[in-house]
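Note that subunit A is present in both complexes that follow, paired respectively with subunit B and with subunit C.
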Partner chain A sequence: MKKITGKMIIQTILNYCIYLLLLFVCLILSVTTTSFLSITNIINVLLQTSIIAVLSLGITFVLITGNNDLSVGGVMAVSGAAGIGLIKLGGWPWWAGMLVIIAVAMVFGIINGCVVSYIKAPAFLTTLATQFIGRGLALVISGGSSWYNLPEPFIFLSSTYVVGIPLMIIIVLLLYVVFHIRLGKTIFGRRVYAVGSNADSARVSGINVSKTILFAYMQCGLLVGIATILQVSRMNSFWAAMGTGIESQAIAAAIIGGASMSGGVGNLTGTFAGVLLMGVINNALNLYGVDANWQEAARGFVIMLAIIIDAIRNRYNSVE
Partner chain B sequence: MKKVTAIILASVLTLVLAGCGNQEVQTEASVVETSPAQEEGSGTEEVKSETETAEEGRRYTFGISMPQLDNDGFKANLIGIQQFAEENNIELVVTDGKATADTQMQNIEDLITKEVDALVMCPVDSGAAAAAVKKAQDAGIPVISFDRNVEGDVLTGLAESDNTAHGAAAADLMAEVAEESGIEISDLVVLELLGTQSATAGLERHQGFEGRAKELGINIVASLPTEFKNDNAYSAVMDAFQANPDINAIFVPSDNACYSGAESALAQLNKLYAAGEDGHILITTVDGGPTGLEGIRNGYVDAIAAQSKLVMSEEAMNMALGVVQGETLEETVIRIQPTKVTKENVDDPALWANSINIKQ
Partner chain C sequence: MENLCLEMMGIQKAYPGVRALKGVDFSLKYGEVHGLLGENGAGKSTLMKMLGGVEKMDQGEVYIGGEKVIFYTPSDAQKKGVSFIHQELSLFPDLDIATNIFIQDLPQKSSFIRAEKLYSDTKEILNRIGLAEHSPREKIKYLQMGERQLVEIARCLTMDTKILVLDEPTSSLTKKEVEILFFLIRNLKEQGISIIFISHRLDEVFDICDRITVMRDGEKIATINTKETNTNRLVSLMIGRELSDRFERTGYQADKELLRVENLRRGEKFQDINFSVHAGEIVGLYGLMGSGRSEIVRSIFGLEKYEDGKIYMEGQEIKVKSPIDAIDIGIGLITENRREEGLMIRQSVYFNLLAANFEKYSKKFLGFMDKKAETEVCEANIKELSIKTSSLKKKAQFLSGGNQQKIVIAKWLNRSPKVLILDEPTRGVDVGAKFEIYHILEEQTKKGKGIFVISSELDEIMGLCDRILVIRKGKIVAQFSHEEFSKESLLETSMGGQEK
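Take a look at the complex of A and B:
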């Protein structure tokens, strides 16, 4: 039996810092505002974070393989433009539009994956390029306009409640459960960690590194497609600027949740907590009525705090 | 082991979030009813305490959803809103959509949660805002939009510039200025710059200008697209003078967005002369932004059909106040008429571009 030392306590606290921080912020909010701890506001926060939650989910896998994906916002725009454009201008049925959205997003995932894993181009630049391609094509397809009023099934997605909980939140939670198991309990999940921790030793032990990275990107594409469908449903419209800057929020949430930019580390409970923390902070700034010009800075400050704590934790763990 | 602890922690958190929420809401809700001044966040406490001293009725809280705040025009709108709020003892919660439609939706949802009495907004995207507006209406919050319409007939009221009237006024001003400086209207050779034709502002200003120009007998020799961008306006002016060296008047559909590009091109062409100098190109614009007023002060711009942004904000707030006080709106759409700006009134503090300078 091990003795409980002070160091162990500090380590445990640091390891669960993100959860403690989230809890702390929630506590402060529920004491100081009346509107925070209400069912409507909690559902509100979960709904607001649902799109980023799905994107962060895909990005976490990519981050764990030691890569990055900056393209998600641009891919959202182009897949939405293609799918909703075919519905609105081409008269395609809703399900075909949804399939096109998923397909386009996955094609972009495959392009990212192939270029990064087989051609060995830097992930940062590759996905920056696909972001531009996606955003540009979205403008080409839509001509910069927005399409309002989508077919009934899209509205169904955003307006249905199951025992008081919006269907969208249930979908997001289900995705997290499924992918949590996929990351933690399947061979693919173990390969993702192995590739990110040390690609060479992963290769030696018989893992197809390139294929694993490709799969991670393809899966990220799939999730971007789902996020796009949720986003257009939530807003009941497509607009050419959709997803602008969303990648930075999704990546920040995953990293706040403990995923490492250098790979090998990360998990989905952490990512989910990171997403919630960002969402709660946004919500709090609005509930407090913080001057709009200060909000961005406040948000950056909290991200900085989380990252500093993370860096201290990493150093503490590696000293051991 | 770590994972198990993590899961336990996460579920505890969810319980805290979900479970406690229910009970505390009920208790806190009853507190709110008895003493509204004590609850609420620290940030608003100060303002709230004024509520008690206010003699009559309760103080309304309006949610303001701005599309973006890094733009002079919207800054002026916000100043107009704040002025009205101050005069009428209304508390404001101002949010910034950062030119992103989904950020604006989140802002509006938070304002709904905050249970504001009315929402006064301007959409980032007319289509994408409809879902959020509907949510607010479903929550019983009246929504008034200014400057831009929202699709789907979901608004309680709208106050926007009458862009056709602005375009027409710019044509009238062009004729007036020509007359004053002794140029026959029939001698005007006009370059018309076009705004973004897929947006109502661009299209209606064009229609207004072109229509009135025809009535007055003004000769438009070229109408070139700028998409409301300075670099496009620059190339358009350069190209137009290549094709028509006789051009002696220019209509700029938004001085705020694309006048400085046109001015640079004139300077490049050696055709930038102030009013009264030989070879002066007569320029009228719409908008009345800081660059436009600067142009008038320098003498390069002759007249502006300026947007009455402060009036627009006032009208929108007035509609919202009327609705929350239980009045029925006589008009649900108010179309704001332009303010004519020339050298005489360019320093009038009621002009929106001057109001932002005073504030800063």
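Take a look at the complex of A and C:
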């Protein structure tokens, strides 16, 4: 039997900090407000966080490889502009529009991946550049205008309920299950962790580091495409400014959930909890009637708190 | 008693489990170049750490210019005129020469840098060290390695240096650069500066040093005038030790040829490399740091490029462009830096044991990992190689050096390569684990694998290998069979004697 020491307890608490924090906030909210625990409110929180949840999912993989993706917001805009534009102006069928959205988003993922992994440019700057490119092209394509009243299948996505649960939430949960398995149980997941833990060692061990990073970005692109479809469905419209600033929230959620900027660690249950925590805190601010301008600042505080906890956790975990 | 610039008396230092210095005396005359020789681990660097104030000695006294000094920090030592030049240079590549030289004391006036003084002072110093053709405004990154070393020496000059310690200054220099360095050393000597010169290259030691001190196992063996000695004498002073507790390989049955390398070449790093490794054989490559030994195996493994030459596996010519190719044809490489390239230290023992082998334990369908097979393999590894860890989930960083190295070896054995290449396999590994690793390797030869070992430890390479190649300055200069090799022959061929 191993002796349980104070340090072990602290380590355990730090490792499950995000879940404890989430539980704590939920507890406070359910005691202090009457509406938090209602089904409508919970579904509302889940719906509000669904887009960020999908983006964080893709970003978590990229973060674990030791890279980053700031482009997701811009890519959402450009892929949406291309897909919805073709439907609205070109008269393309709805499914072709959806495919274009996914394809454009994946092309951006591939560009990010190639530049970062094969040309070895810093991920931060590369994806910052593609963010601008995406955002700019979205404006070029749409001329800055918005498009409303999308075809029926888009509305179907956002208005269908399965046993009382919105289809969108089910899609997000399904994605999490599938990718959770992909990260934890498949060879691709192993390679992602290996590359992020120590790229040199991975290379010596015969892992194709560049290809793994490229795949992570490509997959992130795919998920950005899905997030874009969900977003335009939910709003029943496309607007060129969609997804502005969303990357910072998606990255923050993944980091809160235990992924590290330096790579090698992170998992999707953590990321999901991170997404929920941010959603619940937003919800709390709404329920308490806090001014919208304050909400932005509050989000900043939460992220800061999470990063401080992360730094402390790293220090604790680097001693036995 | 003659005038001594530096006198160290009865220096003792112990680290947990090892007495690094057992009462060492050392003296340095004014304007003398004093060579410090000894095998790895003889205590040279530890002694110099005491002199530089990097670490505190347990016992002993140090006098500089007859005055007793006690150093608590490196800057204490610097104030007394002791300057170090390390193997890894400490320059700022993006700053110019002038700023690098005066970085610790930039001429300033109310916190603005006095540029004209800075650059004119630098100009003067550059003349002194023979770099007059360079502008003080040139950035360090545009200088050759040897020139950088000179800049580093120039930095020491601005600090009113009395004693200059050069730790293997020539290991990364070309012949031409070594000449300039030696010219400068002689110059400094005339200016009355005393120099301690640590090197593994005997020819250089004979070339530049007035006196030589030989250390072995934390003790000073002798201090001799260079004129009164020769290579043989020095080599025998350096080894001296009994060969009692050495691993001795038994039985050796070389089978068919596995790996053959023909005329491998890469620029200045290595040329005309020819050797082969047979099944059931352990071949050693002995040479000093910087002799090109690691570069050769890294090229064979596809981590670095080679310009010319052929590599064969079982008679078949192969092209290696990346480690993936090398692994596919049955080569495994354990690099010399375990933490950087061997392990993923933040991952678990489990993860590391399988890191070279994800394909083998994943199912074809959707690439799911076969957790049961994985766990079985890991448990077998732990047992067979007696890796000491409380659980498979423990992070690799919390294991001892020996156990970490066993994990890296196991990782490769799981891949079952035909030829396993090990670069300094027991660096930072305690004695017990060392012998276990030797036995593991010997066991593998019985299974028909070929093993190629790079080592700078004589005992290790002689006890372990059936054949030894000696490399010096990028060329294989000698080859010895098990019956032929001796410490003297290995040391002499690898260092290059004084006659030349």
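The criterion applied here is as follows: the second predicted complex is superposed on the first by the 320 of 320 C-alpha atoms of A that agree within 3 Å, B and C clash if a C-alpha of one lies under 4 Å from a C-alpha of the other, contacts with A are read in each partner's own complex, and residues count from 1 in each chain.
In this text, contacts are C-beta pairs under 8 Å (C-beta built on N, C-alpha and C of every residue); 3 or more make two chains touch, one makes a residue touch a chain.
Since this is a predicted model, take the numbers as computed values, not measurements.
Trainee: Given the alignment on subunit A, is it a clash or a fit between subunit B and subunit C?
Mentor: These partners fit in the superposed model.
Trainee: Could you tell me if A:198 is touching subunit B, subunit C, both of them or neither one (first, second, both, neither)?
Mentor: A:198 contacts subunit C only, not subunit B.
Trainee: Looking at A:16, would you say it contacts subunit B, subunit C, both, or neither? Reply first, second, both or neither.
Mentor: Touch status of A:16: first partner only.
Trainee: In the overlaid three-chain picture, which partner chain does A:142 touch, first (subunit B) or second (subunit C), both, or neither?
Mentor: Touch partners of A:142: none, neither subunit B nor subunit C.
Trainee: Where does A:112 make contact in the superposed view: on subunit B (first), on subunit C (second), on both, or on neither?
Mentor: Neither: A:112 stays clear of subunit B and subunit C.
Trainee: What angle, in steps of 10 degrees, lies at subunit A between subunit B and subunit C when each chain is taken as its C-alpha centre?
Mentor: So the angle at the centre of subunit A is 130 degrees.
Trainee: In the superposed model, which partner reaches more residues of subunit A, subunit B or subunit C?
Mentor: Of subunit B and subunit C, more residues of subunit A lie in contact with B.
Trainee: Touch test for A:271: subunit B only (first), subunit C only (second), both, or neither?
Mentor: So A:271 meets neither subunit B nor subunit C here.
Trainee: Quick one: classify A:186 as touching subunit B (first), subunit C (second), both or neither.
Mentor: second
Trainee: Answer with first, second, both or neither: which of subunit B and subunit C does A:219 touch in the superposed model?
Mentor: Neither subunit B nor subunit C is touched by A:219.
Trainee: Tell me the contact category for A:67 with respect to subunit B and subunit C: first, second, both or neither.
Mentor: After superposing on A, A:67 lies clear of both subunit B and subunit C.
Trainee: When the two complexes are placed on top of each other via chain A, what is the minimal CA separation of subunit B and subunit C in Å?
Mentor: Comparing every C-alpha of subunit B with every C-alpha of subunit C, the smallest gap is 9 Å.
Trainee: Show me the residue ranges of subunit A that touch subunit C in the complex, using the header's touch definition.
Mentor: Interface residues on the subunit A side: 2, 185-188, 190-191, 193-194, 197-198, 200-208, 264-265, 318, 320.
Trainee: Residue numbers of subunit B touching subunit A in their complex, please.
Mentor: 2-3, 5-7, 9-10, 13, 16-18, 20-22, 24-25, 28-29, 31-32, 39-44, 66, 69, 93-96, 98-102, 105-107, 109-115, 125-128, 130-132, 151-152, 198
Trainee: Which part of subunit C faces subunit A closely enough to touch in the complex?
Mentor: Within the complex, subunit C contacts subunit A at residues 301, 303, 322-324, 326-328, 333, 335, 340-347, 351, 354-356, 358-359, 362, 366-369, 371, 390, 397-398, 411, 415.
Trainee: For the complex, which residues does subunit A have touching subunit B?
Mentor: Within the complex, subunit A contacts subunit B at residues 15-16, 19, 22-23, 26, 30, 32-35, 37-42, 44, 47-48, 51, 143-149, 158, 184, 231, 234-239, 241-242, 244-246, 267, 269-270, 272-273, 282-283, 286-293, 295-296.
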